[in-house]
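Some structures to go through are shown next.
In what follows, subunit A forms one complex with subunit B and a second complex with subunit C.
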Partner chain A sequence: MAAHLSYGRVNLNILREAARKELREFLDKCAGSKAIVWDEYLTGPFGLIAQYSLLKEHEVEKMFTLKAGRVPSADVKNIIFFVRPRLELMDIIAENVMSEDKLQPPREFHILFVPRRSLLCEQRLKEQGVLNSFTNIDEYILDLIPYDGDLLSMESESAFRECYLENDQTSLYHTAKGLMTLQALYGTIPQIFGKGECARHVANMMLRMKREFAGSQNQILPVFDTLLLLDRNVDLLTPLATQLTYEGLIDEIYGITNGYVKLPPEKFAQKKPGEGGKDLPTEPKKLQLNSAEELYAEIRDKNFNAVGAALSKKAKIISAAFEERHNAKTVGEIKQFVSQLPHMQAARNSLANHTSIAELIKDITTSEDFFENLTVEQEFMTGVDTDKVNTYIEDSIAQKDPLIKILRLVCMQSVCNNGLKQKVLDHYKREILQTYGYEHLLTLNNLEKVGLLKPQLTTRNNYPTIRKTLKLWMEDANEQNPNDISYVYSGYAPLSVRLTQLLARPGWRSIEEVLKMLPGPHFEERQQLPTGLHKKRQQGENRTTLVFFLGGVTYAEIAALRFLSQMEDGGTEYVIATTKLLNGTSWIKSLMDRPEAQIL
Partner chain B sequence: MKESKRAVNSILVDDDDDDDDVEKVSWSGEPIGSISWSVKETASSFRSSGEQSFPKIDTAPSLPKQGSGYSLSSLFKAKSKPFQSFSESFTDTSTRAYAPELRKPKSECKDYMSDWSPEETVRRMRKGRAYSLERFRSLQDKLLLLDEAVSLHDGNVITAVLIYLKRSLSKEILFRELMVREVALRHYVHYLKEMGEQKLLVELMKALGRTEDMALMQYKEHLNIKDEGRRRDFLKSCLSLPFSQDDAMHVQDHYTLLERQIIIEANDKRGEAEIFRKYPRKASILNMPLITTLYYSCFYHYGEPEGTFSSPANIRKTFRISEKQYILTALGARAKLKSWFDVDSLFNTKNWLGYTKKRSPIGFHRVVDILQKNNAPAQVLQEYVNLIDDPELRLSLAQKYKCHDIVIDTYKDLKDRQQLIVYQGKVERGSHEDRKIEELINNMQIRWKN
Partner chain C sequence: VVWIYHKSQKADEYLREIKEQGLLAEAVRQCVEAAGHEQEAETQKTLLRVKPLVCTSIKNLAHSLFSLSISVSAASFGKCFLSNFPPELFVIMCRDLRVLNAVRDYTVGIPLTHTQFKQMTVQVLIDRLVYRKLYPLAIEICRYLKTPEYQGVSRVLKHWACCKVQQKEESDEVIARTISLKLGEAAGISYSEIATKAYECGRTELAIKLLEFEPRSGEQVPLLLKMKRSQLALSKAIESGDTDLVYTVVTYLKNEMNRGDFFMTLRNQPVALSLYRQFCKHQEQDTLKDLFNQDDDHQELGNFYVKASYKEKRLEARVAHLQSAVDEYNKAKNEFAAKTTEEEMRLLRFQKKLEEEKGESLVGFSLHDTLRTLLAVGLHKHAEQLYKDFKVPDKRFWWLKLTALAEKEDWEELEKFAKSKKSPIGYLPFVEVCVKHHNKYEAKKYVSRVTPEQKVKAHLAVGDMEGAADAAIERRNEGEISTILSRCSPTTDRALVERLNRAKSTAAKK
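The block that comes next holds the complex of A and B.
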């Protein structure tokens, strides 16, 4: 089921197995038949760890969603609440427990907090007078969830907001904890590099935690050679740009959550002969997206302009394979053909799905508005007219385009100009407040606090220097057969990934000046390995680097890192971890003080 | 892409059995056996078994989805308190005693009795074991405990200690100590925010000298007030807060706007004027953005004298709306009503000789765009297409909206005989346009460029 997790350079299935083992252990603690009451939010992440079958094996007979009122009567011995540690959920649980039917045989209650138990929540349950009703209160530490063979995420939606706006470093603590767990399974990571305040903070916590465990030495041969911790605010530009890879566009347009995407169903209705008048389905089509699907693994990281060709090529191969049946003459040949059928049918379905998705996306990428928006983004990223009020933004406001779109563009202009001239900033602010409502004053203030929007304090704009030194803009980006990471944004090379690339070769010493222009300290730490665990590298063997994006990472950045991993003379393979998989829209939304208002 | 689609379809047709997929997938696309699928499944089978009914599982989720529960902000997401609770005194801690207390059975008590050090206590808290904070009585002990918690970076523990300090120290002392403890301070601020302890928070911000933050924080409260009258009064009370200069102006506008909307709403709700009968209002104007309000005013109250609160002129002046924004909005509203005369007068200016001339702060191509979207008649459209300065733009829009005369005249002005000949092929043979082109291309007086 999760075989795709073990195909990568690092077998992430080990992490998943560890999580499953812990889950089984907890379930066995509650002896007898059980029903699970789910905090609905958790079903997504848990789905990546375990299937219903695993729960069933451990006598889970019913599952419900956590709701106010009474837990439905189910003939089980145990009721287990799987919840996030949030106060309002505690109130619902208390209500559930108190309205339990006294006439029925008593059931035992348990709580499993994910990812951490909370003193406050337990206090709340006590206040509600139900704390003693629970036989077990436990925590299920789920910090880093394996999403794919080379990808881990904490799926902590608000991590960026907390770290950079509210100065709450709890998610960094969980990050450090997650990295400790990872090291327990995959060995101590000998080298740690970092850039940014949060990176420094996480590294400090890791080193401290390691000192605390000084007694027990980790005897596992290190799998990772290097850990690179990167603050999202070192590179505020990249998530603002529209991602142009296949997977990136799916996320930009439809949003990928926990590895699933919901799509408009029209294109997926299978037309079969004789069923012409059948009604079209109205529920969105839900598809799982990961590298277990061969075709998806092949095209997800391509620039969208190269996807059409890849799909046609695949179509020819599959057609040819189906044609083979006419050549099958002997019983043996037919038998062999038949044995391949399931695989071929899966491939054909996969092709049909992705052709439909590609068509949906193409309708959008070929629209005038998409083109104009992209043109403005590219002008900003290349430094054209970033110091003036942009007419496209003005027109978009006048047309009441979605506020998030406007904010993405204005922030991008600000970042590419190292702040906006006071007059320009005031103009945008006034137009936004007048058109979308004065309450967005709060959101604009938030954007200023995290540095996405700011007045230009000095006349010196260092963005051009950064752009030139790091080669963030490549005129001749090759979308079909890329030779540089800039293909993921059709010209713009994501700053974060450029830093990663330069760290591997020739090293950060070569870009000291630029590093100083970016926020936060950069540093290097070493962790001592017990003797005997030093890796003896084979000639030509690649290094493995874990890149941790604190505050989120986009699919296009992931694509760029995968591209670097696959480069023949790259010398480094990357595994990616983050607090959250994000895109410009979900990111800005997390910083808004009243996101629902943007639907206006 | 087309090719692959075709290939896919061709394969689909000559294969009729696609049900034995490797993995079974329900229509929603989730593999059968996945957790969220099973939650639905077990619940619905339960329902159909005819036992006591349970609220449908597949209705809109009742739980907030944002936030993932990994951190402080999600740990303490209490229902935000309504505005009234401002008056609630911060000293009123007795009702909300959050001091962590013993939960574990007595057997563990012995174990913790032996070690009272801050290190051990904090460690126990982190591991979810029994502990007691009451033992830390002196200020010095309490601060040691806090520092120890901070050094562990576990937000859960830090907050638990802070709650104990909040309960057992005077706020002056607590604030003073927090000022030199940046991390603890952040956690405390966050905790107060999540618990909705607005009043204490404001005091803290004041003590810290973070007055602008305090002002914004207070202003944010208006979002929780539903009743428009109370919301207006609240916004009025915000006017004296120490905002930055710009923000102060925006908050003032916010207040004035809502005040204005309440007056307009009271009058228009009755809907007595004819325009309201002809075009009934779809929603109230309360809490709408300024530009929406201006649009509304241009739609229902156009032509009212400037002295009236609901008149476009008054709104424009009060809120210093730019000419550009005003023209755009008024144009949209009048075009929607098909008042082409009003549209016309929006752009009319008289020069000193008394001649009227059309002038626009927005490009005429955008005017055309808006008119076209409102199904303006060809004649009106043509007039504005003709006003577009840039010949290229004029040509392309004229062609798009079939304003033949303008196309012909523009080519004539550009002295582009070739294009004129090409265009002749697009107009009806023998029509007025056809003849006009014919005349032009045969006119030897014009010095064609080609």
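The block that comes next holds the complex of A and C.
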């Protein structure tokens, strides 16, 4: 069911199986039939661990969404609340428990905190007088969720906001804990590198936690050679740029949530003879996107301009495979052909789906507006006129284009110019507030706090130095047969990935100057391994590096890292972990403050 | 069998015999077992007639047993002698006997039989030694038997330390140092347990000193709270990075301290302060305000009032909040925010007034949407006034009016507007907006006014290939010519395509 998780360099299915085992054990602790009441936020992440069938096997008969009032009647022995440790949820649970029908046979209550229990929440339950109503209060440690064969995500949407805006480092604590779990399963990671305040904090916590476990030596041969912790605010630029890989564009345009995407249904209408075009589906088409689908794995990381060719090549292969049937003469041959049919049909469906998606995307990428937006982005990234008010942005505001589009562009200009001149910044802010409403003052304030938007304090703009030293702009990016990571943004090489690449070879010592220009400390730590666990590398064997993006990572960055893994003489393979998969839009959205205005 | 033990001259003979019967292994095994039971009673010793061996220490017995078999093997039967006899039995028995011998010593006085020992397990034996405070022996035994540190040495050390803290005659300083020296980095030591013991004996200071050595903050913090060392608990919680722990201490502090002290404490701990702010944001809005006040954080106070204003249902209340925000922003020297918020208040009042006069619902709209609505319903004068009062940039106002009029399909007004003065946004937007509203006829009116650079685009927008071609050829712009060519379809006039191609090649030559 999750075989694609085990195909990578590191078998991430071990992690998933460990998570499933723990879930089963908890469910069995509550003997008898049960109903689960879900904190709605958790259903998506849980879907990556277990389907309903697993729950059903353990006598889960009903599922509800947590909401105020009474838990719907269900003839079950146990009611289990699956919740994040949040106070407002505790109040709802307390209400649920207290309004339980006294006339019905009593049901047992349990709480499962995800990812860990909280004294604060238990205290709140105690205050509400319901703490003793629970038979089991337990925690389900779900920090890093296997997302794909080389990808782990904590699916924590608000991590960036909490860390950089609210100075709440809870998600970093979970990160450190998650990395400890990972090390328990895959061995101690001997080398830790990092850049940024949060990275430093996580590394400190990890080393501290290791001391706490002193004595119970980890006897597993290390799978990872290196851990690289990167703060998202070391590279604020990359997520603002429009991703130009296939997967990146799907995410930019339709948004991928917990591995699923919802698409407009028209293009996917199954044309059956006799129905003649009526009854077009109105429900969005929901597709799961991961490497389990062979074709998708092949094309997702390509620059969109290379996807068309790949699709038509695939189409030829598939139709050739179907043509084979004419060559099948003997019974044996026919039998063999038939046995391959299901696989071939799946491939054909997959091809049809992706052809439709590619058409949908193409309509957008060939539009004038997309082109103009991209041109402006690329001007900023190459440092053209970043110190002046940009006409395209002005016109877009005047036409009241979506606010997030504007914010992405303005922030990008600010980042590429190391801040905007006060006059320019104030002009943009005024334009935005007058057009979209004064309430966005709060959002602008947030963007300034996290450094996405800032007044230029010194006249020195160090972005050009960073760009040149790290070769962030490659003039002749080859989209069809890439030879550099810059293909993922058709010219721009994501800063975060460049740092990763340079760490592997020739090492960060060569870029000390630039590292100092980027925010936060950079550091290196070593973790002692028990004797006998030192890996002896075979000649030509690649190193494995886990890159952890604190505060989120984009699909294009992942594509760039995969490209590095596959490079012939790269010498390093990457596994990627993050607090959340994001794009510029979802990222900015998470930083917005929208007071709900009462109607006067 | 026992005869073998005697250094009898017949030994070799007996051995051969036993060997031939294939019983040697069994014989040796029995010997080993017998040795184990040997200490049961004095009477048995005599019976066994292996007195000389027994009189030496148990250890020697085992050694002799071991060396005997080796020497026998070497002397008589060659290297393969007893090759399949597992050595573990010997080794384990040797160890067990040594341990038993040690505890049977009269200074200890635990006369255990081997069977009893096996029954009760090493764990229990260690416990008994610990109860008798025979710590050094217990530790020696743990080390000798290679018991995992966590169950062995560390456990004994912990008991020792717990005992140590009760020694009233020694100072806290000395005890803490002794304990830390002895325990060092021993695995799995729970300093908090030792500290709890010290605290129970009324030695709080010692307990605190001991807790310093505890690596697990989860253990440290609750005890510190119990001992009313909340400040220390708070810094420990923060050090751990476990925010739930920090919250726990903060809630505790909040209940224990008076508000002033509580706020002061938080002020010195920024991490705790930010977490508490988060808590207040969701749970206690008023406290949040007090916190900002205490810190003279005027910027945040301004934001706070802005947020609060949106919760008000009456205009006056909302404006009052905004005024407070303006005051705070001024104090924070955030001129921009203050001015903008004042602007917002003015807009609200304007909207309300107009709403009452004209019955058009406007309150809460952005300035942009207000203007648009006014233009849409034909209140041009009011729109003009707003545009001047709020210093809306010309460019944006032109865009706004253009789109609003096009949407209304008020083409006459639009034309008047276009002619009112020179457009700050040029005339291409006029063409494009008209096309967007499916009015090519109107669009064409503006094509001639478009700047030369944008002419081609304008012609193309209205679908005039000829015009576009003329403009591009006139400008000898290769890029533009190519754009037009890419838009040509098989139905396009042949002559036009040829003309473009010719122009393209001459432009390219230049």
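Just so it is clear, the second predicted complex is superposed on the first by the 593 of 600 C-alpha atoms of A that agree within 3 Å, B and C clash if a C-alpha of one lies under 4 Å from a C-alpha of the other, contacts with A are read in each partner's own complex, and residues count from 1 in each chain.
Heads up, the rule we're going with is that a residue touches a chain if its C-beta (ideal position, glycine included) is under 8 Å from a C-beta of that chain, and two chains touch if they have at least 3 such contacts.
These figures come from a predicted structure and were not determined experimentally.
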Notebook entry, point to check: Does subunit B (first) or subunit C (second) touch A:Q123, or do both, or does neither?
Noted result: both
Next item on the list: Please indicate which partner A:A159 is in contact with in the superposed arrangement: first for subunit B, second for subunit C, both, or neither.
Entry: first
Check: So, A:R211: does it touch subunit B (first), subunit C (second), both, or neither?
Finding: second
Margin query: Contacts for A:K21 in the overlay, against subunit B (first) and subunit C (second): which applies, first, second, both or neither?
Written below: neither
Next item on the list: State whether A:K468 touches subunit B only (first), subunit C only (second), both chains, or neither.
Entry: neither
Next item on the list: Go through the superposed model and pick first if A:R505 touches only subunit B, second if only subunit C, both, or neither.
Entry: neither
Next item on the list: Check the contacts made with subunit A and report whether subunit B or subunit C touches more of its residues.
Entry: B
Next item on the list: Could you say whether A:K388 touches subunit B, subunit C, both of them, or neither, answering first, second, both or neither?
Entry: neither
Notebook entry, point to check: Does the superposition put A:K423 against subunit B (first), subunit C (second), both, or neither?
Noted result: neither
Next item on the list: Mind sorting out which residues of subunit A both subunit B and subunit C touch, each in its own complex?
Entry: 85, 87-88, 116, 118-120, 123, 166-170, 172-173, 176, 205, 208, 395, 398, 400, 426, 429, 431, 433-439, 441-442, 445, 593, 600
Next item on the list: State the interface residues of subunit B toward subunit A in the complex, per the touch definition above.
Entry: 1, 3-8, 10-16, 18, 20-22, 27-31, 33-39, 42-43, 46, 51-52, 54-55, 57, 61-79, 98, 100-101, 103, 125, 128, 151, 153-157, 159-160, 163, 183, 186-187, 189-190, 193, 216, 219-220, 222-223, 246-247, 250-251, 253-254, 257, 287-291, 319, 321, 325, 328, 366
Next item on the list: Write out the stretch or stretches of subunit A touching subunit B in their complex.
Entry: 38-41, 43-44, 46-47, 50-53, 55, 61-69, 72-74, 84-89, 114-123, 126, 131, 139, 143, 154-159, 161-162, 166-174, 176, 205, 208, 260, 270-273, 281, 283, 285-288, 307-308, 311-312, 314-316, 318-319, 322, 342-343, 345-346, 348-349, 351-352, 355, 358-359, 362, 395, 398, 400, 426, 429, 431, 433-439, 441-442, 445, 590, 593-594, 600
Margin query: Taking the touch rule as given, give the residues of subunit A at its contact with subunit C in the complex, in rising order.
Written below: 85, 87-88, 116, 118-120, 123, 166-170, 172-173, 176, 201, 204-205, 208, 211-212, 214-216, 394-395, 397-400, 426, 429-431, 433-439, 441-442, 445, 593, 595-600
Notebook entry, point to check: What does subunit C use to touch subunit A in their complex?
Noted result: 149-150, 154, 185-188, 215-216, 239-245, 247-248, 251, 270-271, 274-275, 277-279, 282-283, 299, 303, 306-307, 310-315, 318, 336-337, 340-341, 343-344, 347, 352, 363-368, 390, 392-393, 395-396, 398-400, 403, 425, 429
